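Next, two complexes with chain A in common: one pairs it with chain B, the other with chain C.
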Partner chain A sequence: MSVPATPQSGFPSRKAPLRRRVFLALTGEYFWFYALLLPSILVLIGVILIPMVFAFQMSLGNTNIVVIGGKGSIESQWVGLQNYLSLLASPLFWQAFRETVYFWFVSIVIEVTVGIGLAVLMNQNFVGRKVFRLIVFIPWAIPTVVNSMLWGMIFDGDNYGALNDLLLRLHLISTQIVWLNPMPVLSQVPWLSNMLGYLGANTAMNAIIVGDEWKTLPIVAVLVLAGLQTIPHEYYEAARVEGASAWTQFRRVTLPLLGPILTVVLILRTMQLLRAFTMIFNLEQFGLPLLSIQAYQQAFSFGSFGSGSAISFLIGIIALLIAFVYIKQLYKEEM
Partner chain B sequence: MRFIHAIKPRRILLYLLVLVVLFWTLGPLYFLIITSLKEYVGTITYPLPWVPSPFTWNNYSIMFSGYSPGSISYRFLHALRNSIVASTATTLINLVLGSSAAYVLSRAPIRGKNAISMLFLASNLLPTVALIIPFYVLTVTYLNGLQLYDTNTLLVIVYTSFSLGLVIWIMRGYFDSIPIELEEAARVDGCGRLKALVRIILPLTAPGLLATGLLTFLTSWDNFILPLVLAPDSSGYNLPFFIYSLNGQYLHLNNEIAAGGLLSSIPPVLIVLFFGKYIVSGLTAGSVKG
Partner chain C sequence: MLKNAAITLSAIALLAGSILATPIAQAATTHHSTPKPIVLKVLYMNQAGYTTQVLRQMAAGFHQEYPNVTVQFTFLPYGNMHSAILTSAAAPNAQYDVVLSDLIWTGEFAQRGYTIPLNSYIDADIKNPGQIPGAVWDGFKIGGRIMAMPFLANFQNFYYNKKLLAEAGFKSGPTTMAQWLHQMEVLKAKKIVQYPYEDSWTQAEGLVCDYVRTAGEFGNGNLFNAQGKPVMNQGPALQALEWMHMLYAKGLANPNSLTADEPTAANAFASGQAAFNTNWTFVTGIMNDKSESKIVGDGVVATFPVAPGTNPMTHSASISGFQGLAIPANTPAAMRPWAWKWIQFATSPKVQAQHLHSQWPVWSTVASSAAEKRLNPSWKVYEENLNAVYNRPAVANYLQVSSIIQQYVHEAIAGTLSVKQAANDMVQQIEALN
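Presenting the complex of A and B:
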């Protein structure tokens, strides 16, 4: 009994002879395990890996799609890495890149600060806390398109937007502001305005960030709250005995122990922000050319599937790099 | 005692903050609800009425006024049906495929099962935007014979591939947490592997199945870019695409958009209100404990 052929799990050991393993694979024991795993592997290969490789192949050519009577054909002329090179040389691409980074950075800063604040608030003792937690969670459930339309109505500037109406009633502004036009921010201070504009800031972008946060802050706060609730109460009591102030307790006890869940939330949100499309497309069409918008526009408005694929492929690679960092983090925690 | 406690300045600040958050959360929702109950003229008068005036139920009733082709009601009901069918089918397929694969990846002693799990997770993290172009091109060219373009079936296939990774990842965590002895005891009593899985193990992972199922449902229900590219014409569109198409180029019928939007928000809002706890525990279990 030095090497049991059938260990506790019921599956034959890895050290069992190959012939025996092949035999078992085709009969009872091992059969189920192949049968159960195979469909998912096929989905992964067929619907993720093959399209990804195909996108790369298309990005290496001047690719046009001609659809006649519902039947499409590909006309592609090999150009090598030309699509990538002209992207990297195009100011529009770098503008899109900066806008994407701006969108990501501002959103993440809001989510970390306000998100943790909101979670701490939800964790306090007050009358109606249970109902409060439920209400706060609702916006996350609103479908993204509905959320986009809602904030379109709120920020409407030409006529009858809710925000303008509110501000006019309170006499905070005297004329309607067209929030969803990409206008420079802080135009009183030209140099700062120019710098922020270069980095991607404008009123439309900021308005969209606000609308997007209305939907996403709840899930960040609720996940952080789940993290807060795992911190044992004794830690705070010990800190209080030592005479630590509320702020010191927060910095020395809460934040370090929130570390793992914050990392997870940040990475997941980063991935989602990279794919942000719906709200921008609904409110601005192609007015704010983030990377995802540009990829869509290149392919489906201009018909250049080659350069559209190149942008998509770059987005995919960036996403996979971030995913790699995330997965490494998960495994580190498991150790 | 409680009263004295309540008037401390810290308490006042706390309740003020609660009020601010409630205003931020409910203000936009209130605006959406009153807009959906206004006649069109009430959305374009200035100053804007902050009560539903002139009041009407009409924006809701036109969504259910029959199935005559081309009417707004036809398009709404068609989109509703598509959304329900696609989201439910995706959820069921994902649960069956995903929990099967997760079970194997949790139990079987195969080499590289961590790597396979990571591949699945990575596939879930890949942005939809990165794959829509190849999806579209493959559908209209090489796979043209399958007649998948503009169908709900195509959306189900694509949704499935995008959320399968998450289901596998989260469910694997749940399977890992179930002691293997339990399964062995069942097998000693004469259960086959599959029977032990279905009878003993799956019921124990019910919270995980619920969480991943609901997450899949919500993601599919919310999807916009895939119908926009793959099913924009006449038959495959879903509720988000329907709402988008209400927003005309020259005329913004905000009251109809609001009514349609609220109707399509009802299922996800109910899910979050009743099962939010499970969704959160699924998300934290899957992403933190691995």
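Presenting the complex of A and C:
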């Protein structure tokens, strides 16, 4: 049943002619609704929509900074999809793509498994639960740059790096490991090492994932905890009456009802992971060329703003595709 | 009625006239009595070279000379300088009236027109340009145009710890590559240090500097030949790659070098962990500073060891890291004379002579002054290394070339690619840029 385009509802139907819709919006009871939204809409247009259109326009051109007659500006020559096609033909782009996907995938797996585990733990009744929740949340409060420096010291490749020092004292290693150097993992098994290397795995990448997850897991756990607390206890009681084990309760009750909040968490984290920059750049500069690092390098080191913008849009498209899959798989059960 | 209206209108006109006329009159009076205050915006780094404190002292001196001009600094880490200059160039009017320009950006800035040539200013106001070494000028010259006025004469020195060498049975540092290798092997074999050498081989610009310098130590630090072709897969450049990989593979260079930048490598040397360090001139200050160093009195500044039969004139091979002061092309015309006045002031021998403790001067007259000799007993070694510098490739797309060099040199050292393959891939990728 469609909403009638009548002044009774005060909200103009989409089927009403445009002029009438505008008239009703300006004169009807929803005038203030639109009036109060207008500043936010204008800000969104100013800081998101216009820059996005401008960036897209740059991605379709050979865009350079020029200074003509003492005035600086940005000059763009239309090249169509050339920037995108050049990227897709570049082995360096695909290497960055694989590394980005590896970084995203491993991080998301850790967040879903450990994050849900932590949230379930924080949802239990035990002595010191409040203190435990507080401790778990502390890393989230640490600024990303400080977190980078912290993990830089932990992973320092010298003997006095915290991790090396600990492992040497425990005699688990005989010589220091340069954790932040992108070296192959599992080199004892060459075929596996080569395959993982192709997919983007290396020591530096894994070290950065650990440092990044230490900071971001708490927010995932807290959001999932919020989701857990909306599940009525009666569902669990009913499941127990039916003889469901703890695992079955988790699989049949908890997980399906966490669908909506997990969708939000996964979309949010996917977007953050695909554009992750600060920690990677602080610790590796251009040594770990994920897509976000490549976009920055193309634009601000090489001055190729067209190519940099194209990479940014490709990151956006990848994020949208992944978000679409999440929504299809997780959210539909609740619709 | 009409009379009243006319009186009212006249009164309004008089009032408006007096309101408008007052500031104009005031401005005119001010113009004749004191000059208009000017804020000169300067971009400088807070990482190396003259310290931020020294820069502020220079600015205070400039303000004394020109009381109407205040110098306002923006200090950034070196790694952010290029992008700051680039984004400033996109604005109608430059964000900075004067910028610190690295010699590796000279080609790019000249080709894209981001900074202006300073020839006319230099011809008019710099009386003795010959007192700045030709190697320093060359870093900022392209096709006869001088894109920046030399400000920082930065270059690398060879540092060794004489106490550790004495423990290993050596009375002096090495002068040839073979001697250097032998000393490192003995230091390691006698377990005097776990890793005799630490360098800055993280995938950054410092790695390119070390690569060029090492190629220089083998006889030629020019990575491009006279025809502009990359030559990393042959001759001294290839030998340099083999040498760097060999030091890593034999455990003579600390594996942490692969993630270390220049300050990290300097700290390893100053803490006594490493017997050798090849680094910029700032290490001299660190190794002699009790608050930062455990080797005060043991650190020696020396010329670089070289392969026999190479570098016959200099007997050393260093790398330039010169930086100059430049005027962005979108600095408003009215500000350019003031921008030049600041550049002329800050780069003058008089001002550089006041800050010898902070930085090696660009002026040879100041470098060989009694004050410098008193402050820096190694001044002769400095001069020799300065005369032996190689420059990194002067190409317009240098940052892209550098990015490729960094990647493949890093892979060659770490052994993730064989030296030969890394060198060939490097050449192929650079050629593909054009």
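One rule holds for everything that comes next: the second predicted complex is superposed on the first by the 268 of 335 C-alpha atoms of A that agree within 3 Å, B and C clash if a C-alpha of one lies under 4 Å from a C-alpha of the other, contacts with A are read in each partner's own complex, and residues count from 1 in each chain.
Please note the rule applied: a contact is a pair of C-beta atoms (placed from the backbone, for glycine too) under 8 Å apart; a residue touches a chain by one contact, two chains touch by 3 or more.
Only a predicted model underlies this, so the values are computations on that prediction, with no experimental measurement involved.
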(request) Could you look at A:Ile65 and tell me whether it touches chain B, chain C, both or neither (first, second, both, neither)? (result) both
(message) So in the superposed three-chain picture, is A:Leu257 touching just chain B, just chain C, both, or none of them (first/second/both/neither)?
(response) neither
(message) Just to be sure I read the superposition right, which of the two partners does A:Ser73 touch: chain B = first, chain C = second, or both, or neither?
(response) both
(message) Contacts for A:Met153 in the overlay, against chain B (first) and chain C (second): which applies, first, second, both or neither?
(response) first
(request) Mind working out whether A:Phe300 is in touch with chain B, chain C, both or neither, as first, second, both or neither? (result) both
(message) Looking only at chain A, is it chain B or chain C that touches more of its residues?
(response) B
(message) Just to be sure I read the superposition right, which of the two partners does A:Phe137 touch: chain B = first, chain C = second, or both, or neither?
(response) first
(request) For A:Ile231, select first, second, both or neither according to whether it touches chain B, chain C, the two together, or no partner. (result) neither
(request) Report for A:Val185: first if it touches chain B alone, second if chain C alone, otherwise both or neither. (result) neither
(message) In the overlaid three-chain picture, which partner chain does A:Gln285 touch, first (chain B) or second (chain C), both, or neither?
(response) second
(request) Residue by residue on chain A, keep only those touching chain B in one complex and chain C in the other, then list them. (result) 65, 67, 70-74, 156, 159, 300
(message) Quick check on the complex: what are the chain C residues that touch chain A?
(response) 79, 82-83, 86-94, 108, 112-114, 194, 202-204, 254-256, 258-260, 268, 273, 328-333, 397, 399-400, 403, 406, 410, 414, 416
(request) Please name which positions on chain A make contact with chain B in the complex. (result) 7-11, 13-14, 28-29, 32-33, 36-37, 39-41, 43-44, 46-48, 50-52, 54-55, 58, 65, 67, 70-74, 118, 121, 124, 126, 132, 134-146, 149-154, 156, 159-160, 162, 165, 168-169, 214, 218, 222-223, 226-227, 260-261, 264, 268, 271, 274-275, 277-278, 281-282, 292, 295-296, 299-300, 305, 308-309, 312-313, 315-316, 319-320, 322-324, 326-327, 330-331, 333-334
(message) So in the complex, the part of chain B that touches chain A is made up of which residues?
(response) 11, 14-15, 17-18, 21-22, 24-26, 28-29, 31-32, 35, 43-48, 97-98, 100-101, 103-105, 107-111, 114, 116, 118-123, 125-138, 140-141, 144, 149, 157-158, 160-161, 164-165, 168, 180, 183-184, 187, 193-194, 218, 221-222, 224-225, 228-229, 239-241, 243-244, 247, 252, 254, 257-258, 261-262, 264-265, 268-269, 271-273, 276, 280-281, 283-284, 287-290
(message) With touch defined as at the start, can you tell me which chain A residues reach chain C in the complex?
(response) 64-67, 70-74, 156-159, 176, 178, 180-181, 183-184, 284-287, 297, 300-303
